[in-house]
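What follows is a short report on a single structure.
Each chain carries a letter (A, B, C and D) given by its place in the written order, and its residues are counted from 1.
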Amino acid sequence: MDRGVLVFGAGFALAVAAGWLILPGVFYAKVEQPLAFSHEAHTQTGGMACEDCHGFRDDGSFAGIPTLEQCASCHAEAVGTTESERKFVEEYVKLGREPQWLVYSRQPDNAWFPHAPHVKAAGLPCESCHGDHGQSNSLRPLEVNRISGYSRDVMGRPSGPLGLRRAGGMRMDDCVRCHAGADLRHSCLDCHK
Amino acid sequence: MGSSRRRLLQLAGGAGAGLIFTPAPWRLLGDSAIWTQNWSWLPKTPRGALTSRATHCTLCPAGCAVCARSVGGIPTGLWPAGEPLCPAGFAGHHLAWHPQRLREARHDGSPDAAANEVEALRGRLEAIRARRSRECFAVLDLAPGRTASLIHRRLLARIDNGAYLEPPAIEGATARAVSALLPGNVRAALDLQRTKTLLSVGTPVADGWGSPARVTRALRRFRLVHAEAQQSRAADIADEWLRIHPGSETALLAGIAGILIEEGLESPSARRCPDYGEFRAALRRARGETGLAPDRLRQLARTLAREQPAAVVADGDPANGPYAPETQAAAAALNVLLGAVGVPGGFAPRMEVPAPNEWAGVPVSAIESLEDGSIGALLIDEPLPGCSLPWTLVERKLAKDALVAACAWSAVGVSRRAEWIVPAPVFLETLQDTPPAPDAVEASFRISDAFLPPPPDAIDAVTLLARLAGEEMAPAKALEERAAAIHASGNGALTKAGDAEALPVTALDSAEFWQSLKDGGEWRWSKETGGVEPARLFPPGAGLSVEPVRAAERVSGWRPAGVSPLLAKLWQESELKERPGAPRAGGSAS
Amino acid sequence: MIRKNAEGKHARYGMLIDLDRCDGCGACMVACAVENNIPPGRPGANARTGLNWIKVHRIETGGRPAFLPIMCQQCEDETPCVEVCPQNAVELDPATGVVGQIPQRCLGCRYCVTACPYHARVFNWGDPEWPAGMEKTLNPLVSPRMRGVVEKCNFCHGRWHAAREKAAADGSTGNGPVNYVPACVEACPAGAMAFGDLNDPDSALTRAVAAGEAFRLLDLLQTGPKTFYKTAFAAVRKGVAGERDA
Amino acid sequence: MTTALTPSMLLQRERELIRRGVDRCPLPQFLMWTAPWFALLVFGCYAAWLCLSQGLFHTNMDNQYAFGLWIFLDLAVIALGAGAFFTGFLLYVARKQEMKAVINSAVVIGLVCYSGAVAVLMVDVGQPLRAWFTFWHPNVHSMLTEVTFCITAYLTVLLIEYLPVALKNRKLCRVTRYAVFEYELHRLMVVFALLGAFLSFFHQGSLGGLYGVLRGRPFAFREGFGIWPSTFFLFIVSAAAVGPSFIALTTWITEKLSGHRLVEGRVYDTLARISGKILLVYVALKAADTLVWMNATAPARGFAARGFYETQPFGTWILLAEIGVFGLLPGWLLVSRRARASRAVLLCGAALACAGVALNRFVMTIQTLALPTLPFERPAQYWPSWQEAGTFLAVIAFGVLVYSFSFRYLTLFPQERELAFGGEKE
């Protein structure tokens, strides 16, 4: 067991440690949201439900993130005292500038995810895919894959530290897990466009 | 020295081996493959609410009803709404983004402010007025027959010695020749939807003539006999193709007319025409060689006489432009002989869309009618692609130091000759309406709404002319006034978008009428006109000569596929439009 | 063959094209390009390098020429392209009978393009380019492809997705066949194209096929195409489908 | 503490790399020989870079000719590269000891042919970054999956077979650990030779199967046994037939270029004899298959056989040339002892055999795509663009360079020292 094997072993251990602990973080760039926003403030103190802001349009398509004027209907003037709300009213509502929210669940352009069949036909609760995002008090930064450009919540195996699975699931594996069970899995064309 | 390098190598070897057991290389492999589907230079589809609104396609006189599907307010497709659409219609929403679209004003090719052009034109106008010279201020309207054209003529009346010019158009040439035979200034149009047999001489019936989509849908209903020297697209789809000698169009028409008279198959209204005897004499002299067997000509004449209502169209062909006046006169005379003039299914009198009475303006004058060098300033209005005009025709009429300005959709059309070019708002950027279709007898008024913002310094020709005439006018205002005039006339009925039944105009108030027109509704007015008798067989002073057609100035005037780059799918990326027997551009059909 | 399964959930979409009505105007080709975000031709593109999911051919038949629109025939008997694709980027969707081409998995080896007897597959020889601003008019139901991948007609599967979403939004919970119309069928001014479900016995398509007036191209190759053609003239059928000794 | 390298020291260092008892031309002259090939390699890499970075519109391929000329050249190069597996098979299995003289050269030729072919495939494929999808989502029904698996596997086997040849280099085998590893590896060569033969048997066959399974192309479609069309077996036999001939050709060319004898006459004779016999077997099988195809397979699919040969320039001459001139003639030349005796006739027979197999690959690739399948289609012409030609020339240049360096620094021909320089027997 001369020194060569030891050195080789040291290099081996170093690489494995780096690979599993540090590298996954390096794959993703953290991007901050333009504004701090608390779902909890709106659902608890504001007493609102998911559908109030994230509703369906009358033609059945999902409206997604509320528009500025929807927010401005309550926030024409600062309702609370928090700094981020003041910044929202000053820099966005007054100037009529649409905040560029970063969407955690933005699916790739080639994936077709309609909310109507899942929410209305299958009656799934928002938490089944979005996890506890609805009760979050602050918005975590969006982790964008530096190479593929997709959000971490949407693409690739959840390789967090030691590969622990993240809460909620909007990755392909999560969709396939439900669809395979409910005999809804025919071919790639079901969800790809 | 040796051992430290070897140690380093061993360390690197260990690290390399260790990496294999971490997710890093495999994630790299996976992410780079996924990266190939999300390249930054690949366009992303737009996001936003999917909406669909009814409007009309005003890219050609047909004015077909369309449903504009939009994402976030930007139209992503025009789809049929009850009536068929032609290929250019499906890509009409691309005109606003056309790569050759002019977006900023230009003076002699270099970018300049649009306002300078208005000043330059106003200065030239003052100079013409000051010099009291014969020179006139002319507007060359390359999309004649629209409401904007009427406004041009009204505003030109306010500018002393203003002249309104229309390009020599092929379409409707026969209809114009037949109108000359009708008493009074009644305009005739071919009632194609009710025709049973149509003899088209050279007219490209299958390439955007008349209302292209309606012609395609009606093709199975009437028998089309097409006479042309080369196997064009119209010859392909015709039920019978007569391969005549090039230039023997007049001989063919005269031949058929002769056989009709010989066998006494001509219509009684023709016999009643005063110049019937003189026409028969002229026919005997006009014997020409058509390249067809005599019995085939006889059989064709009998078919035309038997399968009524039959009509003859000899507008001209894209290769040679409009036919000589003698040919069109012969075609008009043949229509009279067949009894196709003034009756449904033939050349019936066209209902005119009412316009406000105070819109009387300068008369329409053809470019040839002006004397040479008489145009001091020329404003070209080119809102659409599709009109090509031999510039020599216009150049002769320009004065030495004439100023040529243009309001154009792009700088590549006829407007490339202009010193000043200002971008004009195009289809879907401003309210527009369509000229009367050469193959529609009933009067109809349809407009296309504005979906997109026009380029920042775009000026409509009407607005520019209004500024010169010291008046405030915009396309929307003009259309609204015309709608009010139509509503005041109390004629016709309005079909709201999506409804089937038509409401008489009187049942709506003026504001609701205008609003439902903007929402894609359509006003129609048709009245069963009593049989109008043709006044004569021949326009006064026209002879009947059968020597080959004098190739007029090459004017295509057709609506080629300039609307969107996607039409390259037909003209370049497939062999569909290749002329049969043409040398193979790309190679085999695949 | 995908037979209709017990609950009647599976569809086998097919097409019936009346060659006597088609006059080669090309509206279907433009409508298809608008609906499926097919980019305008590269400079110098020709009939063989251009991108067209549906191509109309002009065919000499002695008398009046025939016009034949050809797109992917959605073959279902050991589909040639599905058999040869090395990484399963092409598969026959049992729910709709459509042969699906997945651009994200296709590595552009073009083996399926050689395998297809109908030349219905085209390859992106270069990156798709639209004039500045025109990408705002792309159809969100279809994702634009990238260079180096094969693409083909999938009976406007984006519209099938939209129809499924609309059905769910209107309260239907099942995932049975939905009614939708591809872009070319909606576009045809002459009404020459009919789209239907071969599993549905009383659709116009199935009746015409059962009545035997409809024929298929290259049916001796037994690939089971689901696009049927119809014509009243023997000369047109001979020009289009070749000698019929059988 | 490396001292400044004077030119003479450099030459001395370089000569130490060359095998003892064998002399090679001086380094400058060798570099003069490699310079044009390097230029060609750089030019070809630029052409390939254009295709990779901007897109395949740089080639003249299109939707009808989805496979271009470089795919035919790929197939031909892989067929010629079959010399490696077959020579290995003859040496380690059929116990033909003469093969020992050319086995190293055969391995290098095989490595060069396969790596070149795979490199061109990487440029020809539209999305090379997704090439691993075939391993991750394999379609077990597709012949191309099998080709991809076996070619990559056989490429690694070739690399492993190349290692001992490389490690016997005079300087490298001074490191004891390499020498021990090389010796151990040498004892395992039998296993790798067998593995190589098995993998080559399958991918040469699958390359043939690529065309045989095309039910949409009646010109190429063949019935077969089980899932393998007849072209599967024809491609294997033709590759095995042409392998030894190509080895004989390259050995002769190297002799001419290096100016001294490398192998005994007996080796040429054995290579030619084996190649001739298998070639005649191939011609018989090919003739039988063509008859079955013309009378049964194609007509059943509605395509009369003569229709395939009415499109210019693919007349019936191409069929007769492939079976007659390039099949029967070289077969007879290589088999008859009298003809084989004169080296010129032997080499001419070998060259004809190689050309025959290349013509077969050309016909299966280009003629299959050229012939129309729909009755109204018109045949189309295709001419490769300079980028295509440049990419393939780069592969040839890469091959020549690797072979030149291997010949200079490694022992490709063990008998060379004894034949050319009177040294002791290996």
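The rule we apply is simple: a residue touches a chain if its C-beta (ideal position, glycine included) is under 8 Å from a C-beta of that chain, and two chains touch if they have at least 3 such contacts.
Every value quoted in this text rests on a predicted model; they were computed, and no experiment measured them.
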>> Need the central chain here, defined by C-alpha centroid distance to the all-chain C-alpha centroid.
In response: C
> From chain B, which chain is the farthest off, judged by mean CA positions?
Replying inline: D
> Between A-C and B-C, which chain pair is linked by more C-beta pairs in contact?
Replying inline: B-C
> Hey, how far is the Cα centre of chain A from the one of chain C, in Å?
Replying inline: 36
> Using mean CA coordinates as chain centres, what's the chain B-chain C distance in Å?
Replying inline: 32
> Using CA atom averages as chain centres, what separation in Å is found between chain B and chain D?
Replying inline: 62
> Quick one: chain C and chain D, Cα centre-to-centre, how many Å?
Replying inline: 41
>> Give me the residue numbers in chain C that touch at least two other chains, ranges are fine.
In response: 46, 48-49, 57, 60, 103-105, 119, 127, 142-144, 146, 148
> What residues in chain A touch two or more of the other chains?
Replying inline: 59, 61, 108-110
> Listing for chain D: what residues touch at least two other chains?
Replying inline: 62-64, 127, 130, 133, 376-377, 380
>> Going by the touch definition at the top, which pairs of chains touch each other?
In response: A-B, A-C, B-C, B-D, C-D
>> Give the list of chain D residues in touch with chain C in this complex.
In response: 54-57, 61-67, 124-128, 130-131, 133-134, 136-139, 141-145, 148, 210, 213-218, 300-302, 368-369, 373-377, 380
> Given the complex with chain B, which residues does chain A contribute to the contact?
Replying inline: 3-4, 7-16, 18-20, 23-24, 27, 57, 59, 61, 63, 108-110, 145, 147-150, 155-157, 159, 163
> Within the complex, which stretch of chain B touches chain C?
Replying inline: 34, 36-37, 39, 41-47, 50, 71, 74-77, 79-80, 84-91, 93-94, 97-99, 206, 212-213, 216-217, 219-220, 233, 236-239, 241, 564-570, 572-578, 580, 585-590
> What does chain C use to touch chain A in their complex?
Replying inline: 91-96, 98, 100, 102-105, 141-144, 154, 157-158, 161, 164-166, 168-173, 175
> In their shared complex, at which residues does chain B touch chain A?
Replying inline: 6-7, 10-19, 21-24, 27-28, 30-32, 34-35, 37-38, 40, 44-45, 49-50
